[in-house]
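Chain IDs A, B, C and D follow the sequence of writing; residue 1 opens each chain.
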Amino acid sequence: MARIKLSELNRLDSGGFTAALDNVFEYSPWIAEQAAGGRPFNGVGQLFAAMKAVVEALTAERQRELIGVHPDLANKPQQAAGLTTESKAEQGSAGLGHLTVAEAEALTRLNADYRAKFGFPYIVCARRHTRDSILRDCTRRLQNDEATEARRAIDEICRIAALRLDQLVEADDRLPVTGRLSTHVLDSHGGKPAAGIPVELVELAELGESRLIARTVTNDDGRTEAPLIGGRPLPIGRYELTFRMGPYFASRGVPLSEPPFLDVIPIRFAISEPEAHYHVPLLVTPWSYSTYRGS
Amino acid sequence: MARIKLSELNRLDSGGFTAALDNVFEYSPWIAEQAAGGRPFNGVGQLFAAMKAVVEALTAERQRELIGVHPDLANKPQQAAGLTTESKAEQGSAGLGHLTVAEAEALTRLNADYRAKFGFPYIVCARRHTRDSILRDCTRRLQNDEATEARRAIDEICRIAALRLDQLVEADDRLPVTGRLSTHVLDSHGGKPAAGIPVELVELAELGESRLIARTVTNDDGRTEAPLIGGRPLPIGRYELTFRMGPYFASRGVPLSEPPFLDVIPIRFAISEPEAHYHVPLLVTPWSYSTYRGS
Amino acid sequence: MARIKLSELNRLDSGGFTAALDNVFEYSPWIAEQAAGGRPFNGVGQLFAAMKAVVEALTAERQRELIGVHPDLANKPQQAAGLTTESKAEQGSAGLGHLTVAEAEALTRLNADYRAKFGFPYIVCARRHTRDSILRDCTRRLQNDEATEARRAIDEICRIAALRLDQLVEADDRLPVTGRLSTHVLDSHGGKPAAGIPVELVELAELGESRLIARTVTNDDGRTEAPLIGGRPLPIGRYELTFRMGPYFASRGVPLSEPPFLDVIPIRFAISEPEAHYHVPLLVTPWSYSTYRGS
Amino acid sequence: MARIKLSELNRLDSGGFTAALDNVFEYSPWIAEQAAGGRPFNGVGQLFAAMKAVVEALTAERQRELIGVHPDLANKPQQAAGLTTESKAEQGSAGLGHLTVAEAEALTRLNADYRAKFGFPYIVCARRHTRDSILRDCTRRLQNDEATEARRAIDEICRIAALRLDQLVEADDRLPVTGRLSTHVLDSHGGKPAAGIPVELVELAELGESRLIARTVTNDDGRTEAPLIGGRPLPIGRYELTFRMGPYFASRGVPLSEPPFLDVIPIRFAISEPEAHYHVPLLVTPWSYSTYRGS
C-alpha cells in the first residue's frame, strides 16, 4: 500500500484529509475530521497526538460508543459479514486466521464472557500479540472491573490507531510503535563471528501449532542481514530460536564426537515488550554455549 | 535377579560354573566351560578376560559360527520363536520393543541388507545405543568389507558379554562398562545452587517418538539425588534436557517480565561415549544461561 | 602438635583435664575446670558447648574481666613481653607478623581508639581474617556502643576457643569452624578438564603487600589435589586467583595469535563467609572465559 | 595539524605537492616527487599505492639507502640531534619517551646488536606497538637473515608512511590503518546494560611500568561514548581492562556479601592485530561474569 506524505496530508482539504485517514480509528472517520483543524502537523507524532486528544476528550458515554463499534476478535459471523481490511490484516498477523479448534473455542468463550460481563467487546491491539498471549490477556482482563476495562479498551484502540497511522503516513519522524529482535552467533572456539549458520525462529503455542516466523542464515559478521522481527511490534509470546551448529564446526576441521555433542541448539524465550529491542545472541563452542538478553 | 558372588563361582564344580554363566555369550555355554580351567579368578575383570580369550583364540570359521547363532535385531518372527531373556531385555533397553512403523521398516530393511551382504546377522550391543544410533550404526557398517564386520561383530559380542557378566557377578572390582550423566543447576542471580528445579531428560528420535528417560527435581545442592542415567552404559544418541526455571525465580521475588524471558530451558546434546561421565550443568539467571560439557 | 583424643580427656582426672585445655580460653584455665564436671562428653561439639556455657553464665562484670585478659592485636611491647603460643600463631595466620608501616600504624591507632572508647581491648578471631578485614572490622566496630561490643568480644573469644579446641582435640565429630576454597579449570575449546594449569592464589591488601597464599597446578580432572585453602577458616578478605593458560593451548596445537589473546587470567574476588565452601571455577577457550561462585 | 584535501594536492604544482608530502617517507621527499606524475589521484589509497610503487621499484642498493636514513629507536644522542617531528610523535605514542632504565638498556642493546648484524637500523612502525612488543619484535627479528630483514624494513617504512599519509590527507576514502577497541557491560542480573560503570584500560609492561591508556564510564547502553582506542592502530601488546562493579550492584539494592564477592573485575588480554576491531565485553552478575573476543 502506497504511503501518503505528511506534507500532502497537510495540504489536502478537510474532506480529503478525513478520507485519507478514515479507518485509522475503526469505522470512525469523524475522529480524523475533528483533528483536521490542527493542521499543519510538524510530524506524525503530532498528528497522532491530535487524533488521540479527540478520543480522550469524549465523554465516558461517547467512549463506550466508540468501543462498541469494534468487532469481536476471530468472530466467524462477523468475518463473513466483513471486517475492515485493516482488522483482517491485524488479526491475521497474530495468527487468528489459523486457530486450532481448541484455540478458537477458547477465544469464542472468552469473548462471550467478556461481552457478558462488560457489555462491550474485548479489544486488543492484535499486532502486539500472539495467539497465546491474546488468550492469556483476555483471561486476565476478565478479572478487572468495568471502569478499568473501559479505560483499557480506549488505550488499545489508540495503539491500533497508532500502528495504522505508522503504516499509512510517511513523515520525518516515526511513532514509537515498532520493536526489533536480533541475534548474533559468535564462535568462541575460533574467536570470530560464525558465518553461514542456519537460524530459525518459531512462535510456540500452548493450544495450537507452532508457527515458523523466520528462517535465515548468519552473514560474515555472525548476524542476520535483517532483524528476525523488525519494523513492527514484537508480538508478546513465547518463541524458540534454533541454530544449526554441527555442520559449521565439522566443515572447519574441528575434532568432534559422533554424533557431535552440540548440533541444533534451541533457545526458548519470551517477549513481553513489543516496542523494545531484544538481542538474543549465541556464544558457542563445540562443547559449550551461552545466551542472554543483550542490547 | 540375584547376583552370584565371584568367590562362589570360584568354588563351584565345572558344570555348576558353566551353568551359572551359560548365557553370558548367547547360546554358547561352551565358552564358559573352556574358561572354567582358569579358576580361581581374582576379579571379574580377570574372569571376563579369560572368557574373551576363548573367543579370540577361535579360528575365523568358528568365530563366524559364534556370530551366526545371534538373533536379528527386532525381528518379529524370531521374537515369537523366543529370544533369550537377556536378548529381550537388551533390545528393550534400546527401545526396540516400541518402534514406530517407519523405524521398524528401516531396521528390517537394514538387517536384511546386512545379512545379504555379509552372510551373518548385524550384531550390536544394544544397551549402548538408542533407536536412532542403531539405525545410523547399521547404515554406516554396511559400507565396510566383510573382514572388518566379522571383527566388529566379535567386538560387539564381547561388549554384550561384558555387560551380562557385570550384571550377573558380584566382585570387588567392576568392569568398565557403565557411564554416568549428571547435571547441576546454579543460580548465578542469587549466587547459590538452585533447589527444587524440575528436570526432564528425553531421548530424541528422528523417525520415532521422543521417550522420557528421567524426571526429577534438584536438591539443595542444585544436583539430582541420582544421576540422570547411571549404573549402565549411556546410550549413544541425541537427548533434550529441560529445566523449568520460571516458578523458581518467581517464588524468590525476583522482578520478572510477563511472560518471563526464560521459563523452560531446553538443552539438546548428544552422547557418543557410553562409558564416560557426561556432566551437563546449567548456570542461569532470569536473563541468561550457559551450559557446557563438564567433568 | 599431637592432638589429644576425646576419650582420653573423658578419662583424665579433673586436674589433668584442666591442664590439657588450659589455654583454650586465653589465660583462663578455670573455664575448663568448671566444665570438667560435665564429662563424659559424647563429642567435641558437646565439650565446646559446655565450655561456652560457663562463659555465657558469667555476670557482665566477670565477662569484662575475661575480655580484659586478652592481648592487644599486633602490640609490639606485649609481644616482647610474651603472647601465648596460641595467640602468636593466630595473629601470624592473619599476616599480623608482617605488617607494613602503614598497616601497623593504622592498627595501633585503631586499637588505641577502641581501648579508649570501650575500656577493653579489641578482640577478633584473627584466623577468620586478613590484615585488610581486621582493619575494616575494627573501624566498623568503633561505631558500636559498649554493650554491643562487650557481647561481640565474648562471641569472638568463643570463636577463638572453638578453633583452638578443634586443633587440640580428636573426636568423631568436628566443630563447624573450617571452610574450603576450590577451583576447577575446564577447557571448553577441547571439551575436557584442563590439566597442568599453573594456579596462584594471592591475598590482596589495601595498605600492605599482596601475599602469596597458594601455588599449585591442576590435575587430570582440572582440579587441584588439595583445596587452595582448606582445613581452616577462609580469612575474610580480597583475593586474586591467576591461571596461566597460554602454554596450555599452545602445547595442544591450537592456532593462537601472538601474543595470545588470553594468557594469564586473573580472577579477583572476596571471601566473606569463613566457614563456607567457595568454588571458583574457570571455563576457558583461547578467546573467552567465564567464572562464577559455584558449589 | 590541519589536514590537506586530496583535491588540493591534485591541483598543486609538482613542487607544492612534494613539499606537502615531503616527510611521508622519512627524509625522502624525492618519493613524493616521483609519484607526483601519477596525478590526479582518485583517493588516498591510490596516492599511497603510487608512492609505495616508487619504493618497490628501487634497486636493492637504493632500498638500503632509504633504510639507512632512518633513525635508531629511542637513541638519546640522535634525539638530541633532532628527530623529525613525525618520528618523535610516533616514538612517543609507543611510550618510548618514558622508558625505565631496564627498558632503555634492553632497547639500546637490541638496536646495537641489530645494526651490528645487518648494517642498517632496526625499523618498526612504532605506532603499531607497545614498549613490550617492540622489545619482543626486535629480539625475534634478530634471528632472521639479512634479506628477510631488508624486505621487512621496507614493509615497516611503508606502514609508517601510510599512517603519516592518513593523518595528513583528507579524502573520501581512508587507508585501512586504524583499529578499534570497544567494550560493553551487560548486567545479566537485571537483564539490561550496566550504566555508570567506571572502566580503565592499562597497558601492561614486563620491564617497565603499566601505563593508563583510557579511563571512562559506561553510558546508558552499557558502552563507552568513544572507543577505548580508536582512530589509530591498536598497539600490539598486553592490556588490563578493569570494571568497578561493586557500587553499581550496591546502589541497585541487590543483596551482596561484605566485602562483595565481585568488585573490581580485571580482564587481561593481548592485542595482536593493530588494524582489527577488538570487542571485549563483560557479562556480569554479583556472582559471575564472562568475557570473550566479540565482534
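Simple rule for what comes next: contacts are C-beta pairs under 8 Å (C-beta built on N, C-alpha and C of every residue); 3 or more make two chains touch, one makes a residue touch a chain.
Predicted model only: the values in this text are computed from it and were never measured.
A.B. asks: Farthest chain from subunit A, going by the mean of C-alpha atoms per chain?
C.D. replies: Max centre-to-centre separation from subunit A belongs to C.
A.B. asks: With centres defined as the mean C-alpha position, give me the subunit A-subunit C separation in Å.
C.D. replies: 57
A.B. asks: State, to the nearest whole Å, the distance from the C-alpha centre of subunit A to the C-alpha centre of subunit D.
C.D. replies: About 47 Å, centre to centre.
A.B. asks: Considering subunit B alone, which of its residues make contact with at least two other chains?
C.D. replies: 188, 191, 261, 283, 287-288, 290, 292-293
A.B. asks: Just say which it is for the chain contacts: an open line, a closed ring, a star, complete, or other.
C.D. replies: Graph shape here is complete: every pair of chains touches.
A.B. asks: With touch defined as at the start, can you tell me which subunit A residues reach subunit B in the complex?
C.D. replies: It comes out as residues 133, 136, 236-238, 257-266, 268-270, 272-273, 283, 287-293.
A.B. asks: Quick check on the complex: what are the subunit A residues that touch subunit C?
C.D. replies: 188-191, 261, 283, 285-288, 290
A.B. asks: Spell out the part of subunit B that touches subunit C in their complex, as residue ranges.
C.D. replies: Touch list, subunit B to subunit C: 184, 186, 188, 191-193, 221-222, 283, 290, 292-295.
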